[in-house]
Amino acid sequence: MMNVMLSIFSVVPIQYYIFISAVLFCIGVLGVLFRRNAIIIFMSVELMLNSVNLLLVAFSAYHNDASGQVFVFFVMAVAAAEVAVGLSILVTIYRNVHSVDIDELKSLKH
Amino acid sequence: MLLLLTLFLPLVFALLTYLSGNRFAKYIALLGGLVVFTCCSFLKLALVHNNLAPLVFVHDWISNPHISFALNIDGLSLTLVALTAFLVPLIIFTTFRKEIENAKAFYSLVMLMEFGLLGVFMASDGFLFYIFWELALIPIYFIALLWGENKDAAFRHRAIFKFFVYTLAGSLFMLLAFIYVYQIAGSFSASTLYSLNLTDKEQSVLFWAFFLAFAIKIPVFPFHTWQPDTYKESPSAGTMLLAGIMLKMGLYALLRWLLPVVPHGVMLWTPVVMVLAVIGVIYGSVIAIKQDDLKKLLAYSSFAHVGLITAGIFTLTHEGFQGAVVQMFAHGFNVVGLFFAAEIIFQRTGTLSISQLGGIRTVAPKFATCFMIVVLASVALPTTNAFIGEFLLLYGLYEYNTWLSVIAGLTIILGAVYMLRMYQNVMLGETNSLTANFEDLNWKELTVFVFLIIGIFEIGLVPSQFMNMVQPSLDLILNYSLR
Amino acid sequence: MNTLIYTSALGLLCMLAEMANLRKLILPIAVAGLCVIFGLNVTDWGKNGAYYHNMVVTDNFSVAFSGLLLLLGIFITLLAGNFYKNEESKISDYLAIIIFTLCGALALVSFGNLAMFFLGIEVLSISLYILAGSKKKDVRSNEAGMKYFLMGSFASGILLFGVALIYGETGSFDLGAISNYASATHPSVLFYAGAGMILISMLFKVSAAPFHFWAPDVYEGSPTLTTAMMATIAKIAAFAAFYRLFSHAFISVFPPYAWVFTAVTALTITIGNFTALNQDSFKRMLAFSGISHAGYLMLGIISLYGKTDNAIFFYSFAYGISSMAAFAIAIVVAMNLGSEKIEAFNGLGKRKPFLAAALTIAMLSMAGIPPLAGFFGKYYIFSEAIRNGHLWITVVAVINSIVSVYYYMKVVLAMYTKDSVETAFTLKPAYSFVIGFCILLLFLAGIFPGLLTGLL
Amino acid sequence: MTVLSKNPVHSVIYLIGCFFAIAGHYLLLNAEFLAVVHIIVYAGAIMVLFLSTLMLMNLNDETEQHKPALAKIGAVIAAGLLMLVLVAVLKKADALPAPVNQDLSIGTIKNLGKVLLDEYLFPFEFSSVLFLSAMIGAVLLTKKEKSQTA
Amino acid sequence: MNYLLVIILLPLFGFLINAFIGKKLPKTISGIIGSGTILVSFVLSSVFFLGFLNGTQQKIDVDVYDWIAFGDFKITFGLLLDQLSVMWLMVITGVGFLIHVYSMGYMHEDEKFHNFFSYLNLFIFFMLLLVLGNNFLVTFIGWEGVGLCSYLLIGFWFKNQDYNNAAKKAFVMNRIGDLGFLIGMFLLLYNFHSLHFGTIQTALGTIQVSHATIVAITMLLFVGAMGKSAQLPLYTWLPDAMAGPTPVSALIHAATMVTAGIYMIARAHFLYLLAPETMQFIAVIGAATALFAATIGVFQNDIKKVLAYSTVSQLGLMFMALGIGAFTSGVFHVVTHAFFKACLFLGSGSVIHALHGEQDIRKMGGLRKWMPITFITFLLSSLAISGIFPFAGFFSKDEILAAAYEHNKVLWAVASFASFLTAFYMFRLVFLTFTGDFRGTEEQKHHLHESPSVITFPLIVLALLAVVGGFMGLPEVFHAKHFLKEFLNPVFAQATQAGGEMGAHETNSSIEIMLMSIASILAVVAIAIAYVMYVSRKRIPAKDGEQYGIGKIIYNKYYVDEIYNALVVKPILVLSELAHDVLDRTFVDGIVNWSGKFSLMAGAQVRKIQNGSIGFYLLFMVVSIVAIFAFVFLKN
């Protein structure tokens, strides 16, 4: 494992991880902006969170500090909680309007 | 202690009035007003006893920012405190004939107003002054809003609302100015601010921040447009409070908080202010000529008068200052008398339209006489109070600039024109269906007028005692203003 | 330090009480518990310290804000009893969530580590998502919940990305460590980008323009009590966290972001006030006014260099208390008349002088009229801003204050000058108490501002 | 793919694929435990939750209406710009200090556990509040009203 | 000094009594109080007068108390009694008393009898203050006070709005002059730091004041006099003022108040002597007014209007006298004029009384039969005003003419022509009123009667004075003592020295005799013409609207009122409306309202971006983020 580890940063500079995370993050953002289906938007948000996780882990390894990885746990926890709550809100909405299309939720404005 | 007592008694009585219920409210309020007036008399004695050196009360209030609960009574303050203490009970008394809905609230607001006004005139800490300044606005807003008599309620609400927002808007700039000054001085106390050395540029900007607040309240052209409608729409008691006392706040503030604090700013902008003030004098007078609504006419006339006072203050001369103070005092009496007359007319005929009235003198000689005297006082006939004021004001203005004085002097002509035209159309001529059964004054109303008329002649005939009392404080202010 | 723990425990207790069939006692327990915690919190005064590996920091700042939040929490809890009376079976759930929300808020005022900060925000937010959407059959509530949730989680994503970048640069989540790092070395662009992202998510949380869009919609759609929580507890906690973050760890962020701060502040105040002008719904009006208040608080944030915690605390206090009073009254009116429009307040002056007077005072306080707390709040904020050289933006703020008077007074005007339909009107003692107490506090803080200003 | 596929179910599947890829990276970065947890939590729990919700709502067909073209273009441009800006900004962060000596054990369960339950004990406990809250919320929101069912 | 105060305060006392309890008193008592107070004042004044005459009385100049005083600024309330003021004192109280007595009869029917007396008393009070003030400001009190009384008395019958308009006009026109007076005082105060007559007079020697300033001061003060004494162009109020009861016209608008301007200039003669330009101006204005008013007088048909224009004309003459430096002559004419003009007015009042309010001379005629006393007194006074030897007017007028001749021949010619016209219209008046046949209704004819003694008594006294009054100033050609000149010499000493005055020039007695003859001949010719026209040919002036040509223009008073209306009043009224409707409400207030509306509109616009769509919100967020990052990081 050690060899692998060492080779990772010698082959792939930390910048690349930053970039891939940023790209992944932006894909998530794109998903959020692009779609109307609330579930897919949730998933896009998950994607964003994952990109962050990836970044955290990369930095954790980079700094040789476990707290980054611990933080990932919290992110996961939060993600799970969010999904639970988000989906339950979605369910209540679906019960009322039979749609998960966010663009139909426009009664509150101006 | 006496200062504190005088200041807080109205507040106490405001509470008492509210608690006493609708039936007794007016008596309690009147009592309160009289008690305060008594206190004020003692204040005068104390001041004289003190050889006109200011009476001071200072108590630390807030440490950060450093604000002290500082009160100060000198001749100038006492003048306005006395005016307030005298007029408030009188104004309360004018309402005695009328059944007022929710009287306890009304009278307690009036007392609250007195509290605010006294605070404004007594405070020697800028911040405290500001607080009272705003405090005085709230009661009058409600008085005007809720007890106005005009039938067109929507219009009234708009007008009063405009008044509220407009005057508040101005005062916020004053707050800003105070904050700014505080950052430099580290204190709000008048004496510290007086001795502050600000750069000319700062003074120039600060001048407008202060002046805007005061100019709107006074009001100075072109910040006056709230005034006619507000006066018209307020109940008469409210109008009297507004015109009789409240607009003196602005004038007083010019003397106390503007001139000595930013003397160079004043120097720089005096020409502009002068022109505005003189325009106001002529403009108000000219407009008043054709007004059909009695209260609006009086409003414009009042506007013209205060324009002259403003000009007098900005002359930075002894005469201008003295004239301004006398005229502030005089105007309080006169305008209250005039609006009271308007109120009486409105109550009995149900209209304030000058063209619909006429012939009242035939049926109400006492009223006609009293009204005439007040009218004459307001056109500054010699031996009345306003003559002293206008004479000194115009003289002060003359010392500043001859032509401005001549132009402003036109007010004595125009004033005669609109006032006599008004008096003629309202009081003289043949009676008509509205005025044929006009009741003459009853004793309560007569009492009010008698007090006012005594005041009018006292100041008109023996003003020097009064002036000597004010003189030291004006000297002080003038010295700082000419720094 | 223990405030947070005790509060969490209290939340648990509420849940357990439900199971133990002590439903009737839950409310008193919760209120009493919060009061006790409030007391305990006060005893923490002056004890500076960091606990649990600097996860929780206790200092006067945290104690003061905790106190304020607990006070507001007590009010909310008191109001909740009546607010949820139709859903008695779930009251424990609601109370528990309210208290958990409070936990999140408390975490936000006393965190010492970005992990706690993040968790605090999430606890606060997630609880509020739930509460916002808690009127299940009301589409508007659902919509509010959804909007809040979607945008909130999106903002969380940004926040996290920022945290990650900061971590990448500094190698730590600890505020102290970050602070040391930032002052010892010349941070790279990674640090600034991360801080920028955190900044953006904070702006979102405090509903500053241009990230304010969620606020009015969510405020309007949510049950009024929840709105009250968002407007008071959530916003104040967010500002406290904002201050804590940016006064310690990210103070170096200010120079490059100066224009952003200025623009955001001006924009927030202006948009908040101007949009509030034309609103018919009282809640929505308050939402926009809340945005503008966020702007004023931002004015405090941008003057951070001058240690503006006092000003921010006082403003938060004034704003929180007046909002609380206003919302409590709004709830009463809505419960009796079934409407949240400003028209519903017509004639309140005649029918319920107490309520009308209270609302008037609350409105005047928000508008910043002396001698109420709101005035001093504004005063301190302006004063700090001027002291730190933000003169022109203060002028903008002042002009906006004038605008704000218009809409606050519109309500007052409606109460006193319009005629109303006669309906039965009930006012529960809990509400009277909360409203009365708020008004008292407004006056107290207005007349003796020294009580609060000397604190920090 | 997750973003673009029309059928939500397909999206889910793609996302799971994505998660596996990320887990692979974790392994590469020497965070084995995290990789495992990641798979379990995301692929195992969260995605199942998504799927079950989808199934519950019968959303597995392509019912979604697309946004107007303008909004789509706007979305793409905005996201693209964000990416550009982010990359451009982060690119400036060139001179990161060289990585410190790698300690291979930081990703182990033992080490993580130590850090988590010692240094991060309080947040750990605090996250329980988060879960409680979420749990109550989920129950509160999704439980059907009694009156409705009755 | 105490007596002086009594003189002043007695009328005030009378005023107060009548004003407050007059209503409850019987009319007689009310009248007696009114007249009695004046009588006492008169008696006291006479004592002073005699004292001055004997030389036992010294000039009194006392400050009663500090009126407007603070710091260095001090204006006292002080009184001054010297020969000049005592002259006026005598006229005011003497003529005033007679008119009071007359009023008791004349106003007997009026229900506001006590009001009338209170106003009259108040007027006397202010008039006394005017002439007794020892500084300009005290004089100014009286100055404005008499204006007020004039206002009150012109509008005494206030049910008639025309009368009220006349009253208002009088007040406003006076105020225009007063502004000049006021500014003049400011100049004085500014330059001399005092308004005290004596102080200023002495200070003139020590304080350097530019000539222009003196001219300005004198001109401004003269503006005040123009208003008060009805000179061009501020004269139009005086004819209108005839709306007041006739005693008022006699007292205020003939004998006393309108001469205040002359008093003031005489009082301030020391200033005027330093400003020859102003003197010239005054002389021209005076002459112009004399001629102008005289021409109008010729065409008037209202008995009181004729007298009013005559008054204006005579006042013009007096100002001319002042303007050419003949102060004594001016004062002399004031006194004689007071006698005969008061008598004329009272006589006309008697006529009007008899005819129950008819004032149009075209509807009179032949009244001699019924009202012999009135006729005779009226005739005597007319002779006096026409300048027929040896009546009072002859002496005073001739003195002025002589002075004018010395000074400027044109002025003399103008004045002579004015005198000629005066004689003509006065006798036109006499003949139309008292000779020929009665042209009124039968009803009126039936009631014609001589007035009661309370009315005729003052007439007789005044007529007597009009006859003999001239002897106080016999011209030096008669080698008699010019009593008045000597009497006033202490006051005008400076004037006499400075200009050498007219006395010095009056060497050529033959010229003076010639001038007298010319004046007398002119007067006689004028009377003759009038006789021919109205007695022999029995012409009656044309009815209204039937005049033509110049006559029409003059009959309509040169349309001056109309011109004023069109040039001043109308524009101001239009301006007033414009200022209110357009400038104030639309523009100034418009800006205020507009800023409010603008805010609301802006609010409404800002609202629109809050469109409720989550997608849009998120998009906006992202765009903002991009913007912020781009702005912060890509800038440098």
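The first chain written gets the first letter, and so on, giving A, B, C, D and E; residue counts start at 1 in each chain.
Going forward, a residue touches a chain if its C-beta (ideal position, glycine included) is under 8 Å from a C-beta of that chain, and two chains touch if they have at least 3 such contacts.
Please read all numbers here as calculations on a predicted model, not as lab measurements.
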Ask   = Which chains contact both chain B and chain D?
value = C, E
Query = What is the touch distance from chain A to chain E, in steps?
reply = 1
Task = Averaging each chain's C-alpha atoms to get its centre, pick out the one most distant from chain A.
result = E
Message = Going by the touch criterion at the top, tell me which pair is linked by more C-beta contacts: C-D or B-C.
response = C-D
Query = Roughly how far is chain C from chain E, going centre to centre by Cα mean, in whole Å?
reply = 78
Ask   = How many angstrom between the C-alpha centroids of chain B and chain A?
value = 67
Query = Approximately how many whole Å separate the CA-defined centres of chain A and chain C?
reply = 27
Ask   = Between chain B and chain E, what's the gap in Å when you average each chain's C-alpha atoms?
value = 37
Query = What parts of chain D, by residue number, touch at least two of the other chains?
reply = 67, 74-75, 78-79, 82, 86, 89-90, 92-93, 96, 119-120, 123, 127, 130, 133-134, 137, 141
Ask   = Listing for chain A: what residues touch at least two other chains?
value = 14, 18, 25, 29, 32-33, 36, 42, 58, 60, 62-63, 65, 67, 70, 74, 78, 81-82, 85, 89-90, 92, 102-103, 105, 107-109
Message = Two-or-more-chain contact residues of chain B, please, as numbers and ranges.
response = 165
Remark   = So the touching chain pairs work out to A-C, A-D, A-E, B-C, B-E, C-D, C-E, D-E
Request  = Sort out for me which residues of chain B touch chain E in the complex.
outcome  = 162, 165-166, 221-222, 224-226, 283, 286-291, 318-319, 322, 359, 361-362, 369, 376, 381-383, 388, 391-392, 394-395, 398-399, 402, 405-406, 409-410, 412-413, 416-417, 420-421, 424, 427-430, 461-464, 467-468, 470-471, 475
Task = Please name which positions on chain D make contact with chain E in the complex.
result = 67, 71, 74-75, 78-79, 81-82, 85-86, 88-89, 92
Inquiry  = Quick check on the complex: what are the chain C residues that touch chain D?
reply    = 4, 8, 11-12, 15, 51-53, 55-56, 89-90, 93-94, 96-97, 100-101, 103-104, 107, 113, 115-116, 119-120, 122-123, 126-127, 129-130, 133-134, 136-137, 165, 168-169, 188-190, 193
Note = Note: in the complex, chain A contacts chain C through residues 14, 18, 21, 25, 28-29, 32, 38, 41-42, 45, 48-49, 51-52, 55-56, 58-60, 62-63, 65, 67-68, 70-71, 74-75, 78, 81-82, 85-86, 89-90, 92-93, 95-97, 102, 105, 107-109
Partner chain B, residues of chain C touching it in the complex = 310, 349, 364, 369-371, 375, 379, 382-383, 386-387, 391, 394-395, 398, 401-402, 405-406, 409, 413, 416-417, 448-450, 453-454
